[in-house]
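Taking it in order: structure first as structure tokens, then the write-up.
The chains carry the letters A, B and C, assigned in the order they are written, with residues numbered from 1 in each.
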Amino acid sequence: MARQVQPIVTLLTDFGAADPYVAAMKGTLLCAYPTATLVDISHEVPAHDVVAGAFVLAAAAPCFPRGTLHLVVVDPGVGTDREILVGQFGGQLFLFPDNGVITLIKEAMPLEGLVAVRNAPPGTFGPISSTFHGRDLFAPLAGQILRGANVAELGPTPAKYRLLDLPAAERTTDGLLGQVIYVDHFGNLITNLLEADVRRRWADLRDTELLCGDERVGAFANTYGLAEKGKTLALFNSSGRVEIAVNQGRACDALSACVGTEVRLRDKKILDA
Amino acid sequence: MARQVQPIVTLLTDFGAADPYVAAMKGTLLCAYPTATLVDISHEVPAHDVVAGAFVLAAAAPCFPRGTLHLVVVDPGVGTDREILVGQFGGQLFLFPDNGVITLIKEAMPLEGLVAVRNAPPGTFGPISSTFHGRDLFAPLAGQILRGANVAELGPTPAKYRLLDLPAAERTTDGLLGQVIYVDHFGNLITNLLEADVRRRWADLRDTELLCGDERVGAFANTYGLAEKGKTLALFNSSGRVEIAVNQGRACDALSACVGTEVRLRDKKILDA
Amino acid sequence: MARQVQPIVTLLTDFGAADPYVAAMKGTLLCAYPTATLVDISHEVPAHDVVAGAFVLAAAAPCFPRGTLHLVVVDPGVGTDREILVGQFGGQLFLFPDNGVITLIKEAMPLEGLVAVRNAPPGTFGPISSTFHGRDLFAPLAGQILRGANVAELGPTPAKYRLLDLPAAERTTDGLLGQVIYVDHFGNLITNLLEADVRRRWADLRDTELLCGDERVGAFANTYGLAEKGKTLALFNSSGRVEIAVNQGRACDALSACVGTEVRLRDKKILDA
């Protein structure tokens, strides 16, 4: 990829915002490449939650320009024998631990190259620690790449790499069975029911009935504000998934739902029959 | 306004820091204008709270340089028929939903131009969703403006636009009656009593007595550290408002106060009479 | 120090992320120097907690490039007669209130110059408030320094400045006695036991036993993932300190520990004798 004067580097971690860890990574990166444009994807991925990290990454990273370098440090295995990988997907580079956090990127963006890092640069401030690879390994490595290192020379192409076994929605006799896969800041319930699958099954959404756990969800609408205030609704969200929401409220509370709660989209005509 | 190489773009939302939404906006914006300097105003406006958004915006935006572009996405009506407006106030540009979030900016900075957006650029990643205008409409629109689009050509000047009906302090026979309008991170209570009005009414602040709900507040002081540790005080804050605080403590807890709690500034001489 | 086109300025405060205060500082700074690269160290230092601020600063600031300017606004004494100091440590500049927040920087980086600010520039938006020096004093001062002001001319070198009296680990007959000095986002317990002291005392860590309060901690390991999931372990962290952790869990909860909890590293052979 062509070098840019102000390359964009994103950071996605489970480090939280209070501690010095994110800033230590950024400072180290700026030592290596002072004009990089740093953008936080999130540092509030729940601690050690690779699945949530995979979801957040896949919802944000595709929006960045080609040439962006993403540092993904949701890494409960830091310092163990898990590999660090550099992958190019859709013209963007991702540095990530081989723990499956890349799973949903791989589904969304074409894989164009992958190496397991063996020739990492030395730590900027002394030996590479076993507990803080964000600062001691990801950041110097990012600097090396930004300065023009040939990614292919960082190590061999791995024979395989880890992908998460995420639950997929299933077709049932009366519709689709899925689950909540993410609960956002607003309490919206994001599911693994895909808009494309729903639209393929039903020409008219009024023929459907949506259950979240045992609770009936209000009808599909185009957006939150089209439901009555405080009432549940279903919608196709901006990532092409079925989302369950409450207009100006919290669906997770209203429906006592969380990640893993089953959602069923059923055909009313079959139910009525 | 003259184009800048590194224009400053701020983001104010109620999206929270955990989810991918803010980063999706930033990535999209950087696709449109890779050298923009992005500054977060806040993403912790309480969900759907346009009044709090208006307060935070008005306390931060006037500190930015002329030419700054502010993206204000506290927008519970996303995807409904509410308009998106572009306003120039005091040499800065604001993109905001027509829900009143601009109210306190309008009071503080002169309005120099306003359009209702009708000619938005297409979504960067496909059709404009009904639920995520931050990514699909505000960010591409910001990019278009940064690249030199003529704002006046984005749409017509609206005949009117929404302003919030915020409570104003009232004069009473013995002083001023107002309320808490914002509680900050420190637990400080910010009121709608204005320094200018207080100073006009009283030459000597020692003639006043301040009640917050039913609780007596300690005397006016120049700053927090001049009250005894743990004691309440009143002060004129850095935005020209009466603020109630506890030195190294939380006034909201000490006084059981929240947004809406009544505050009364009374004349002691009248009370004593 | 040589001027840079895009100088790096960090911000460390206890302002939180919700309020307009951090953005007001940033906007003011960008008014003074529009191309500065702003990096947040943290705004989640507990309110008024100078000790925690000192810890976070010392863990992050040394990672930044020479020439970086750090604005440290953990400042419960804002507006009182406490001085504002500008110190150069290890080629980096620090603006900070004279309340001890610099203590751990001074231990880690050589002091190369120090002045007490007497000739501050005027506030950008009117008189300097007594309650918001971050916006009215630190930010304009930073701008002045970035534009090339001679730091030595900002004021006199103070005869002395405040340092915190932080607890140091002690040698005991059977080992070392220290305490928890910081609890991070993961619930990891960071102590004032230094790796260098431990290694000086013991050639083989298997000869040690670590107590946190009254609870026995699992053996030293190189990193979190080498303990059984959910079990406690000790490690030398990336800042050269003994840290107590739980693999994919929260040590602070598992051990009912917090800042101040005593930790004892003892020699098993002495105990067994």
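By definition in this document, contacts are C-beta pairs under 8 Å (C-beta built on N, C-alpha and C of every residue); 3 or more make two chains touch, one makes a residue touch a chain.
Remember, predicted model here, so these are calculated numbers, not experimental data.
Undergrad: Over half of the interface residue numbers used by both chain B and chain C, so same, or under half, so different?
TA: The interface is built from different residue numbers on each side, given that under half of them are used by both copies.
Undergrad: Rounded to the nearest 5 degrees, how far is chain A rotated relative to chain C when their C-alpha atoms are superposed?
TA: The rotation relating chain A to chain C comes to 120 degrees.
Undergrad: Using Cα averages as centroids, what's the distance between chain B and chain C in whole Å?
TA: Chain B and chain C have C-alpha centres separated by 31 Å.
Undergrad: Note the residues in chain B that touch 2 or more other chains, in rising order.
TA: Touching at least two other chains: 17.
Undergrad: Can you list the residues on chain A that touch chain B in the complex?
TA: Checking each residue of chain A against chain B gives 4, 6, 8, 10, 17, 37, 39-45, 55-57, 59-65, 68, 184-186, 222-226, 235, 237-238, 243, 247-248.
Undergrad: So in the complex, which bits of chain A are touching chain C?
TA: Its residues touching chain C are 15-28, 30-31, 34-35, 38, 47-48, 76-80, 124-125, 129-132, 135-136.
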